[in-house]
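Presented below are the structures under discussion, each in the form of structure tokens.
The following pair of complexes shares a single chain, chain A, combined with chain B in the former and chain C in the latter.
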Partner chain A sequence: MRVCKTITIPGNTSLTGLYAEKVGNYPKFFKMDTLSKLGFLATELLLEGEADRFISREDRAVLLFSRSGSVCDDSHFAKSMEDYPSPSLFVYTLPNIVAGEIAIRNNYRGETSAFVLEQYDKERIRHVVEEAFQDRTTRSAIVGWVDVRSDTDWTCEVSLIEK
Partner chain B sequence: MEELIKELKTKVIDVLNLEGMTPEDIDDNAPIFGDQGLGLDSIDVLELLILLEKNYGIRLTSPMEGKEVFQSFAVIARYVAEHRTK
Partner chain C sequence: MTERVACIGYGALTPVGPSASASYQAVREGRSALRSYEGMFGCKEPFVASLFEQRDRFEGYSFMESIAIRAAREALDAAAINPSSPRVAFVLSSIKGNIEALGQEDVSLSVSAARIARFFQNPNMPIVVSNACISGVAALLQGRRMLLSGQWDAVVVVGAEVQSRFIITGFQSLKALSAAPCKPFDADRDGLNLGEAAAAMVLARSDRGWELADGAIRNDANHISGPSRTGEGSYNALRYVLSSFAPEELAFVNAHGTATRYNDEMEAISLRRAGLPGVPVNSLKGCFGHTMGAAGILESILSMQACEQGCVLPTRGFSTLGVSEPLRVSAQAQSCTGRAFVKLLSGFGGVNGALLFRKGGER
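Here is the complex of A and B:
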């Protein structure tokens, strides 16, 4: 396996500012929760300039890991239940939605997975990525630790890895 | 009616996070859904249903009713003016 490129988005970064500067043509971004915004933006930066971007492909997996899962959006949704439960918050109350958002944006039809670990575990992540490369299709993977503790406190490191 | 249309647009822009859009950007009679519309999805429809209930006391019960009401902001405003309870 070879790590081609890695992107880190530090906590407290203005995600809206980063979006405006680097992307700017995907209005759905504004509807995403912080976890999906981070995964989306990190991938945008990671794939910047890649040839044949957005052409449908099955050979790239999206494998994301975190400790906090979707707990940030879960708490926003729980708060909305005091008034009217918000459908747009509800749809992000799963930690794997971010992987789906990345796949939808990039037209990926390969494996998408999100794993919630007790803590950052480099060996376990490596094992999962190696497993993903065992099939006959997957040749590269977007692999990241995207852990959102609050809307301003997170760890986000996403890499493009080739078989 | 114009004031109600503007109020509705403002609330929709806010609740659906239509970033960078102002009420003036939206044609009163333009379709809300589809390629010519605001690009809203099925989750947005649920948010619109809640918006009507929460702000105007209007509860739409059938999908057909929603389809008729959510044609354009002019149509929504007419419906709200006729059916609002608050």
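Here is the complex of A and C:
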């Protein structure tokens, strides 16, 4: 495996500001939760300038890891339950939605998966990525530790890895 | 060392049966635990679901963890392996875990997974596969891959889901629930029911038992909460697992069959595109509802037992075909001869999963 490029987005970064500066033409961004916004923006930075970027492909996987899963959006949906339960918040109470958002944006029809670990463990993540390359179609993967503890406190590191 | 990954033990706990074989018998006889609830979990609206009546828990463990442990214990007893070995790993499949305790305690799925693994004195950090409704299929595929990597002697894949106001209110807000027992693939289907269950499989490289022969996960790249109109991801996952396998050898396809308009139609299109309209298809959601993180494992275990008995399990709730493709939906239990089946699931985030199970090839 070869790590081609890595992007990190520090906690407390203005995601709307980063979006306006680097993307600016994808209004779906505004309905995303913080986890999806982060995964989306990190991938945008990661793939900046890649040739043939939006052409449909099945050979690239999206594999995301965290400890917190969707707990931040879980709290937002739980709050909405007291008043008017929000279907749009509910959809984001799944840790894998961010992988789906990345797949939709980039037209990836390969594997997308989300994993939850007790703590960040570089070796363990490397093993899971290697195992994902057992898929006979997968040639590259977007791999990230995107752990959102609150709307301002997170760790976000996303890499492009080739088999 | 053989490259054949097999199920060497399984267990299940469902509202219709306290074990995998009792659950199978109940489904075979067409029983269901779906019923309507009012005021349950503090939900404002009534709902139909399949819930456990007995809600005992082990001291120090949540109800979800307790049922996961019971299912895992049954599977481990059958497999006769030592779960405390450093060469054994645990994989947990759950979508919302202990979500009902949100705000009171740490509800990270990793905390539950660690508690379940520690119950069996397992020393390794478990991994949680949280891939929406395909989590069970994805967890089994993860188990298979871990074994093929050669690092592990056995992987215990456990799926468990309990219901809560959080989940039920969420599905109600999406208007995805039926007010009556669900009707997979039926013309009158109008939504899904939610369910509770736990199921576990012990996987190992072995020359005996059911082989988990292949698996794939594919994204629709279409919509985060609606399936593809062309069944894109489901078809691609199916095509992958059948790439070196003749469809005539399949006894049946156990579909996701949630009984929502969109899911069942999407699966019908996917099955037609994969050249499988002649293969019997069933869905078990009419017995258990949608058991979320447990579904992929539970439905695979029931399908193994059915295939061994030469039986395609009935699709409870189905009477008149209501999808645009000519599927052979199994309304009643029927006999079959094949020694292999496919398990399908699809979920939010555009994910689709397929597993191929095969009996035979034992040496």
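As a working rule, the second predicted complex is superposed on the first by the 163 of 163 C-alpha atoms of A that agree within 3 Å, B and C clash if a C-alpha of one lies under 4 Å from a C-alpha of the other, contacts with A are read in each partner's own complex, and residues count from 1 in each chain.
We adopt the following convention: a contact is a pair of C-beta atoms (placed from the backbone, for glycine too) under 8 Å apart; a residue touches a chain by one contact, two chains touch by 3 or more.
All values reported here derive from a predicted model rather than from experimental measurement.
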item	value
Chain B versus chain C as contact partner of A:Pro27, first or second or both or neither	first
Larger contact residue set on chain A - chain B or chain C	C
A:Pro87 touches, of chain B and chain C: first, second, both or neither?	both
Touched partner set for A:Glu118, first chain B, second chain C, both or neither	second
Residues of chain A that lie at the interface with chain B and also at the interface with chain C	86-87, 91
Chain A partner contacts - residues on chain B that touch it in the complex	16-19, 39, 43-44, 46-47, 50, 53-54
Chain A to chain C touching residues, read off their complex	56, 58, 62, 67-69, 71, 74-75, 77-78, 81, 85-87, 90-91, 93-97, 99-101, 103-104, 106-119, 121, 124, 127-128, 130-132, 134-137
Contact set on chain A toward chain B in their complex	16, 27, 30-31, 83-84, 86-88, 91
Chain A contact footprint on chain C (complex, rising order)	95-96, 99, 102-103, 107-111, 113-114, 125-132, 138, 142, 145-146, 148-149, 151, 165-166, 169-175, 216-225, 232-233, 236, 240, 347-351
